[in-house]
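Note that the chains are named A, B, C and D in the order they appear, and that numbering of residues resets to 1 at the start of each chain.
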Amino acid sequence: MTKAGIFGATGYAGYELVKILERHEGVKLEFVTSHSFAGQWLDDLYPQAPHLLLIEGETAPLEEVDVVFLALPHAAAAATAVSALQSNTRVIDLSADFRLKDVATYEVWYDVTHPAPALVETAVYGLTEFARDQLPEADLVANPGCYPTSILLALQPILAAGLPITGPIIADSKSGVSGAGRVPKQHIHFVEVADNFSPYKIGRMHRHLPEIEQGIASFSRSEDAPMLIFSPHLLPVPRGILSTIYVPLGGEPNADDLHDLYAQAYANEPFVHVLPAGQLASLAHVTHTNRCAIAVTLAGNTLILTSAIDNLIKGAAGQAVQNMNVMMGFDEGMGLTA
Amino acid sequence: MTKAGIFGATGYAGYELVKILERHEGVKLEFVTSHSFAGQWLDDLYPQAPHLLLIEGETAPLEEVDVVFLALPHAAAAATAVSALQSNTRVIDLSADFRLKDVATYEVWYDVTHPAPALVETAVYGLTEFARDQLPEADLVANPGCYPTSILLALQPILAAGLPITGPIIADSKSGVSGAGRVPKQHIHFVEVADNFSPYKIGRMHRHLPEIEQGIASFSRSEDAPMLIFSPHLLPVPRGILSTIYVPLGGEPNADDLHDLYAQAYANEPFVHVLPAGQLASLAHVTHTNRCAIAVTLAGNTLILTSAIDNLIKGAAGQAVQNMNVMMGFDEGMGLTA
Amino acid sequence: MTKAGIFGATGYAGYELVKILERHEGVKLEFVTSHSFAGQWLDDLYPQAPHLLLIEGETAPLEEVDVVFLALPHAAAAATAVSALQSNTRVIDLSADFRLKDVATYEVWYDVTHPAPALVETAVYGLTEFARDQLPEADLVANPGCYPTSILLALQPILAAGLPITGPIIADSKSGVSGAGRVPKQHIHFVEVADNFSPYKIGRMHRHLPEIEQGIASFSRSEDAPMLIFSPHLLPVPRGILSTIYVPLGGEPNADDLHDLYAQAYANEPFVHVLPAGQLASLAHVTHTNRCAIAVTLAGNTLILTSAIDNLIKGAAGQAVQNMNVMMGFDEGMGLTA
Amino acid sequence: MTKAGIFGATGYAGYELVKILERHEGVKLEFVTSHSFAGQWLDDLYPQAPHLLLIEGETAPLEEVDVVFLALPHAAAAATAVSALQSNTRVIDLSADFRLKDVATYEVWYDVTHPAPALVETAVYGLTEFARDQLPEADLVANPGCYPTSILLALQPILAAGLPITGPIIADSKSGVSGAGRVPKQHIHFVEVADNFSPYKIGRMHRHLPEIEQGIASFSRSEDAPMLIFSPHLLPVPRGILSTIYVPLGGEPNADDLHDLYAQAYANEPFVHVLPAGQLASLAHVTHTNRCAIAVTLAGNTLILTSAIDNLIKGAAGQAVQNMNVMMGFDEGMGLTA
């Protein structure tokens, strides 16, 4: 039985971790922490939650668990990761702290001094489908961001295929409100969101941009990886991300060949579903699951990928557990398939 | 041209006042105040708003206007009312400060010392349809609460008719989220409200209870006014209140007679619509209007009234302007009918 | 392994049955039927569904299964029940056909001639918590309606306690839109429902009224069971029912005693949760679970019960499987607890 | 006083026309037609509607009105237009029948034989801001589609400026559900739409594609107008369209210059608002108004335009009345500004 702890269990991703680990047959959840709600019970915050006492992170018995999940703000996560690794506890970090391999880039985008730069290169970027070789040995996993997961799973096959890409890739993404976190703020007040739809930080302004471009570069065969235009939008739904991605291709792309490329790339993946030709991905394909649904469409020379995930599951807690399953040698779907 | 000012123009009711007064042909809006956003422009907060500078309430030129609308928290409103009246400016107060004629009751339910108890008895309770005689002379109007408006308009005819009521009246009310105000809080976070529905402060616990019971007593012919059971619920919609009200009647009530009673009571009212027999009130009847829609149903000996208003208009800003129209001698519907 | 079939698998309750039975470790789902979509695949209608071929009900191999679930329109269900019972296949009927013990009452409310009146008295009314003695021997189970489930679970303890009830019981219920079925109709068009809230068939007009009153009579100690006023409303959410129920009590009721009564009545029930005193039930307590959450409040002499269920699970498919579990000797929670 | 009639007054656009014309001080609404609801009252369908009798289109007194608005299905609209023009009644057609100048293209995309091809070339394409010269003399106006309005208003300035465009233009559009019409269908059932978000007919498959490309060609200076990739999505809101449009520019585009280009192009337009640099358009800018809000962003060499309209107003009924105002010599904003 793997013993686990969750730091930051009261945020939406943290609570999703609780739900998954509670039903995971190979894991015993030893503690859940919260800074704001320490001393309270988790089911006071979430009426369907198990009756777990929230403790302060500093008092968490790191040495008693095999693995910790960090659903903490950036910078706070890195500091906790250091403590955990010193206790020989493996770390799956859902924050941004170890995703970017270039510390300077991290510091610019997140506007902090990195609390543990030496650990960055040891961290495995846990887009599970492309990290299986490294995860069993990993002590520190940087769980990908939600937008990057939806976009990079969609882009990997076309990038890896090495077809010519003739301009910037455009990812027009739409996310449910849980992606903005649980702390109340004006722009996620019910009245502001209902009946509304709004873009934010479009172009090259969102913190997930460098993470996605790092992934694009890593999957590209050529030296000159394409640039990304990334446009997030806030959807009036609680959960789910749909990314509509435009890839301008050179040559004479063929719709059937492109669909075959994707179908084969993910033929054996339990959690990545390439839809039949002619269908499109939607939130209804994926909410409340760990799945990524990808559809492949060609319009002129533009490959249009629609890619949907549940931002809290495949985009956060579900992928974190998927990573843990590979790290610990469990079946990859444990706790993740109903 | 009547000159007006709005205190607290950035809350939902305050902004609704701005919209109504901007299109009111007899009013010139001289200033809008905000404590939290002073120095900013109203259209920075509301993208469809006019370009008005928000000023601090203390700097507002009270002596330059004929009337002020107070969309302020309780206690703050009363203090501002004192200043305005000293400047010979008439006051329409949308807070609870002058609604309850019994100061002690106010102080218990609102947990403050009343800032201006001497003014309470001078205030006219502005349920317009039943205050027209007093409004022209009023200097201080207590604009009714949203729930009380929906319930008291529905109850007045049956109470005034003096039929025997054999037990407590039950008002099961459901309100959109704007009723909870614009300040972000956990329970009105989009993710908490969407797909949810929840009662709160049911029975005899909500602050609007004494206001409604005061109205019931004032409309009742008998000494022993019926008790109220009041159950508010939070609806996942931005605006609107529907109250389903149960009145246990003695004798042998007749459905047609009851419908006639209501139809006649409100036959000449521009903003109270008694629906044809067999129909029921819904939010769709009233949102974005100053209307109250009332339907009359009899089940056994229980009169069931369904009563719908837009909480921000007939339940707040619209009724405030309706009151002003009567005070100033305008046509009662000015600014209120599209 | 119990072999099961589902008639009417493409409606919302039918699909919920598919999801539950697919994860039920003691059941093998042998067939799923649909009249409108026969020949198509279930996952063409529901993107997360398993890949099951929909067959015509008439071609379903009744003799090969141990139990069938009927998620069919009324009258159609009874006809299918007859065939199934002739094949010695046990039947759990989610329609209204066998709920009412009085055939004449059924025929009035449902406006059809009952297709199998002789079976009515053999049917067990499957409000599981109060049917456990009869279910193991039952061949035909009438699964309760969604509104009746939310109301009767809330009322049973107070009725069984035999306290004096001094007037009609009022159930003010609010249901999500899936309760209106999957067939497109004007009043459940997204644009009609969003931002709206509406009562319908209030008083004594809804078909669930006689079913609830039958249950009230069966739970009451006295000859004169109280009358019911039942007011359903349509909530702008996909799923969930909240009933706010008012019971006028005689004598001098005590809040603590009433809470104790409920806490004890359901102390050992896995799926009925009596909330701590001071809390109220909401949809968030129950959606996507087989739970019923009940809160007990006293206001004057009026007992106010708030009772929440997921209409598709405890109000339909979940309770049907709970009934099957008792019938077949499975653990009662199999397939129902995540 | 202009006398007007509305054909198809019960659809969402038709009812929006009723609301606007009822408050228009220069228009008298003479009749409203409906095929499905002839003989019923409009307020039986829409509880806030005026009490107007719906008549069959064939019985409408065409000769008694100056102008008719056709909110009819395609093909039906053209047939009615013929009759109206024969009665010397001017026609504003909200259907697609006269938008496409190439009849063959129309017949391919709409899969019908055009009922009145001879009229096509006489029709004025009523994107009001760019049709003011032609409207006063027009007898037949083709009111633009909702998606085309949001996209063409955004694209006109950059196209007219003649800057080099180096690849296809991508319009990623998101529309509220009223755009799918009022007739109930499975995919617009509340339960299917709520919590969901889905693309449809993306790439080059939607009927609005040729209309938008026709507009692009007409605004472009060069012979080789850029190709369009058009991706519509269904948003879980009742109304509003937001288009996020990507234009790949050659040369060295400058953000300030581009913003200036737009600010100047629309400086005097009452209904097209170019937002300050740094802001983005959202539905909240435009719902329930005739406005189009456009924001200008540059990312690398890609111009990103966010363009928002209310699909029922500027995207249909509002623009139709705006066109009528110009045709009749009214102030362009009559009936359209609160």
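List of remarks:
By definition in this document, a contact is a pair of C-beta atoms (placed from the backbone, for glycine too) under 8 Å apart; a residue touches a chain by one contact, two chains touch by 3 or more.
Keep in mind that this is a model prediction, so the values were computed, not measured.
Where touching is counted per the definition, the chains common to subunit C and subunit D are A, B.
The chain with its C-alpha centre at the largest distance from the centre of subunit C is D. Computed centre separation for the pair subunit B/subunit D is 38 angstrom, with centres defined by C-alpha atoms. Across the assembly, subunit C contributes residues 192, 194-195, 236-239, 282, 284 that each touch 2 or more other chains. Residue ranges of subunit C in contact with subunit A, taken from their complex: 19, 23, 47-48, 194-195, 282, 284-286, 288-289, 293, 338. Residues 12, 177-178, 182, 184-186, 188-195, 236-239 of subunit D are the ones touching subunit C in the complex. Residues of subunit A that touch subunit D in their complex: 166-168, 170, 172, 174, 192, 194-200, 202-204, 227, 229, 231, 233, 235-240, 242, 244, 246, 248, 280-284, 287, 297-302, 304, 306.
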